[in-house]
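When the chains are written out, they are named A, B and C in that same order, and each has its own residue count from 1.
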Amino acid sequence: MYAGKSLSCQLAAEDIGQEIFALAAKIYPICRSITGNGVRDTLRELDAHIGLDIHEVPTGTPVFDWTVPREWNIRDAYIKDSRGQKIVDFASSNLHVMSYSVPVRRQISLDELKGHLHTLPDQPDLIPYRTSYYAENWGFCMAHRQFENLRDETYEVLIDSKLTDGHLTYGEYLHRGETEDEILVSAHICHPSLANDNCSGVALLTHLAKRIAGAQTRYSYRFLFAPGTIGAITWLARNEQNANRIKHGLVVSMVGDGGGPTYKKSRRGDAAIDRAMTHSLRHSGLMPTILEFSPYGYDERQYCSPGFNLPVGLFQRSKFGAIPEYHTSADNLDFIRPDHLYRSYQLIVETIDLIESDVVYRNTIPKCEPQLGKRGLYAAIGGDKHAAAANMAMLWILNLSDGSHSLLDIAERAELPFATVRSTAELLRKHGLLEPCSDLRDP
Amino acid sequence: MYAGKSLSCQLAAEDIGQEIFALAAKIYPICRSITGNGVRDTLRELDAHIGLDIHEVPTGTPVFDWTVPREWNIRDAYIKDSRGQKIVDFASSNLHVMSYSVPVRRQISLDELKGHLHTLPDQPDLIPYRTSYYAENWGFCMAHRQFENLRDETYEVLIDSKLTDGHLTYGEYLHRGETEDEILVSAHICHPSLANDNCSGVALLTHLAKRIAGAQTRYSYRFLFAPGTIGAITWLARNEQNANRIKHGLVVSMVGDGGGPTYKKSRRGDAAIDRAMTHSLRHSGLMPTILEFSPYGYDERQYCSPGFNLPVGLFQRSKFGAIPEYHTSADNLDFIRPDHLYRSYQLIVETIDLIESDVVYRNTIPKCEPQLGKRGLYAAIGGDKHAAAANMAMLWILNLSDGSHSLLDIAERAELPFATVRSTAELLRKHGLLEPCSDLRDP
Amino acid sequence: MYAGKSLSCQLAAEDIGQEIFALAAKIYPICRSITGNGVRDTLRELDAHIGLDIHEVPTGTPVFDWTVPREWNIRDAYIKDSRGQKIVDFASSNLHVMSYSVPVRRQISLDELKGHLHTLPDQPDLIPYRTSYYAENWGFCMAHRQFENLRDETYEVLIDSKLTDGHLTYGEYLHRGETEDEILVSAHICHPSLANDNCSGVALLTHLAKRIAGAQTRYSYRFLFAPGTIGAITWLARNEQNANRIKHGLVVSMVGDGGGPTYKKSRRGDAAIDRAMTHSLRHSGLMPTILEFSPYGYDERQYCSPGFNLPVGLFQRSKFGAIPEYHTSADNLDFIRPDHLYRSYQLIVETIDLIESDVVYRNTIPKCEPQLGKRGLYAAIGGDKHAAAANMAMLWILNLSDGSHSLLDIAERAELPFATVRSTAELLRKHGLLEPCSDLRDP
């Protein structure tokens, strides 16, 4: 049983919002994809904060139904009009190039070019984010307003990219706790200059790892920074035998905007992480959205595939796809804020703290109520109808601590914040009225 | 496992509404009761469409707590006023005579006659439908407006009926499917000239049987045309040992009006037929009413008696008793329409098709998602927030096909129409991503 | 199985409201506390109606985590102003003295006196009720309006009380039924002049006991009149081995006002008493409040402690603490009324009657419906859509009496009053259509 200083206290950090923002801003300009130097450059920035294990998995490695793809790197790309003017330039935004575009350098008519252009007619000033990882293709993304003004002439297109055998790169950080049971926290690292999705999540988890490194915990914590889908699949393929060590997990993305918070439950629907996160969000004072599992989203899709069915949920502020900035150039550094990052950090910390400390106690005096007054635990003057409310947490804990209710069970039944129930239980334990159960709830 | 052409396709029929209406119109004039030549004449009309097994059960045969009653036949009936004018005439509507009236021929005062007259004061222009099967009595039914104008004079009443030892008659049609497991569909055949209740149901099931005769099905289908209550009891008494072959069942009545649709669940409440019909109706685009079981209604009362507790529900358009035309002369051929009969036919066919094809698959690649793109099953360009929705059926089926969820389970969890889930599953199966489970859900 | 005259009939009493009120009025003036002569005097009044077993438990007796306290008795108390005028006088209201005040006789400044005065600033005309059972202290309670006008002078305070080794007193009455299974009904007897809380409950249970004494019952009934908390704890400590005889229980308090009715469920939440009381209140025509268990309230706290977890709920009219009169001098004889006491008595009687008669029957003709008509149990003329409703109770009972549904289960599923279901079941039993099950639902 965990009985030291609460994890929330250990991980508290006044300026954490600023620190996360600074790291997000630093990695924002890098052109990431599912493979290549963009991922490596990003992991190097994280490694400056926490000693990462960086893994390189060769192109062609089979990972379940998939194969590690060729490595993609890009140096330059543009579209020039007939006067030699660059009208679209990779250097000004890496979103301009569809990710995994094959190399191209040629003259091209407007008509043919249009087949390679992606825009957002409903958001004419924004550049969309597009990928073509598994079908050979090339393309540019641009503002629809600019697209509409293209003259019917011959253009020069250049994509100076390389698709070659190489590696898929991901980073891991493991904090060892008292047990080998793991809490997995994972962020996708494959999106280019999108600040919220997911520079925010990558930066938040890096700073969480940095602080957890110095903390005493019951669980071990595994931080995974990997490209979306293929990265999670690769990790699961290489760690298939140990996946059952994961007792709780969170995928973290889009944690810098002011929406939500949003939690999407694991496929199990009633896993401890589902109940813990739901409790934290409901007592946050914010207006949370709790979603049932669905098989569309981020890497929880892989963790929750039927052959693994791990208890892994998704934490976000705004729900993916539900905001206009999603997967556009509007998801920039103006869209995320230190105070939102701070609040997201807090909510995650509260939730893992809850899981760390959700133990089952047994009332040592189960027959009739213990006399709280003689222990100084109860208002001395009776009859006042208001005094009693203050004692409700004590009464609920004593009444339900029969070996089959955890502190979270009690908090939910009593409709009290977990922190109140935990601190009250600690008080009762100090007075000998509670003892930890040997048959601790298995996570 | 059933894997041929879907039953809906096999049973599709453009003009089925017209055909059902034509048969209903043909049997509408016949004076049916729970026994007698009216039932025989009706079954003869059905037999012209499908080869019926017609059973004759002798008067006096004990059937559980009941006894097959004497046979009732009627040739003529009237009330004449003092001037010899027929003021009520069986020839103009067989509803005028209370069913099972004993013979009578006499002069009678208005006062005494009134004790034998049934009217509807709240619907003064309509003739009610009344019966007295198990208590010896006689009576006439008439419009209340006419009743109020009856002069205080002596009347001549004639009921030229016979109550004699004879038989109870019912018809059966059995379509043999791949297994001996049966789906029972049953319609009561004892009501006289009431078009919706139940010429509509009798005619619909006859045409359904006609089409199912040529179809390949997993289940065997038993069509039962029998008088209400005593007919179902008689059938159950004679088939007590085989009743457990019935895996699903529907009582069908009042399917020609534009109300509902209405489904009343079986006593079990969560039988496959209950879930299947609920799903079909909820995705029908109509405004269905789903009722919990209650022990009042049609022959589901007998099928759902505690000693049988068969999974048999009741399908109707408007709920019995809930419309003003119910059990009155207003339930005539103007009250039912081919398009409503067509829609009712469709809903029943969709439901049995669902039951035929609600199998359990197992995802052959359960660890992480299979790579749909390399199989041409997935949009090639990533990042678009709209594209994914189209793939939800695939993702749900793959995620939940772990051997414990049937296609209907998946459709309900995913909130998708069963037809979408089934056709998508078929596609995935063709690509080798699903295999049928040996442990098919037992019905 | 209980099959005699229904308990409601046996216990019916036209003037019971008046009788309960008269007894409540008689015991209202007595100064009760958790020990002492006030309790004895009160029990003597009850003993005049029913032969009570009165128990005296010595001071110092350990009872679980508690110890029986010293006995408190008081003869006089007052506050005199500098002119010798009694401005607060125990003789005019025993609420003026905080219960268990230690003896005091001295001159005291206003400033110091204020530390011993209790008032209700929000209800300035009322005297509050206060206690200090387990912390040595003394105090007076008074109207806040008077408190505000106290002059800054020297007062004389007298509390002529004694705190001495003695006894804790409680009374019990046991009515023996056909079995040793018990229904516990208990009322706290420790509050001084508070009419509703709990002269009303004490008086109601006394008159209930008086009538039950002459009744034939399946269960034995244990009536307990004991001081709150310490009395229930003492009783449980002395009856620990037999507590499991209690199959159902009710704590009764505040039953003379016109609010509620209110029922707070036992810790189990689905005990028979919970379902029975919920049913009675929902069919009462009043606007009941059904509360989930919470560990704050009256002596159900002790009965429902985890080491006992007895099926004991709390019955009240207004909920404790929820009305302005609660624990003030406004809870006087004007606040309770014979008609409310009558209705409370009725509701309790209906509930225990329900528990007495909630048996499980088995339909003797489970296959198809029995023919009710030939037994004269069914309307003879068919077809009328209204007639059937009258027969619904019969149909529900026959349909659900399969050995696994009690009469209450049936009443709840059919949404019918228990009394209708019970009397209809009796009718069916007389006709041989039901037989009692050997596997009666265990309480």
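Quick note on the criterion: a contact is a pair of C-beta atoms (placed from the backbone, for glycine too) under 8 Å apart; a residue touches a chain by one contact, two chains touch by 3 or more.
These numbers were taken from a predicted model, which means no experiment stands behind them.
Between chain A and chain B, two copies of one chain sequence, what rotation angle (nearest 5 degrees) aligns their Cα atoms?
A turn of 120 degrees brings the C-alpha atoms of chain A onto chain B.
Interface overlap for chain B and chain C, more than half of numbers shared or less than half: same or different?
Mostly different residues form this interface, as fewer than half of the numbers used are common to both chains.
Return the distance between the CA-based centres of chain B and chain C, expressed in whole Å.
So the centre of chain B lies 54 Å away from the centre of chain C.
Which residues of chain C are in contact with two or more other chains?
Residues of chain C touching two or more partner chains: there are none.
Flag every residue of chain C that touches chain A in the complex, lowest number first.
63-66, 98, 118, 128-135, 137, 139, 229, 232-233, 236-237, 240, 267, 294-296, 301-302, 304-309, 320-321, 326-327
For the complex, which residues does chain A have touching chain C?
363, 365-371, 373-374, 380-385, 388, 391-392, 395-396, 398-402, 414
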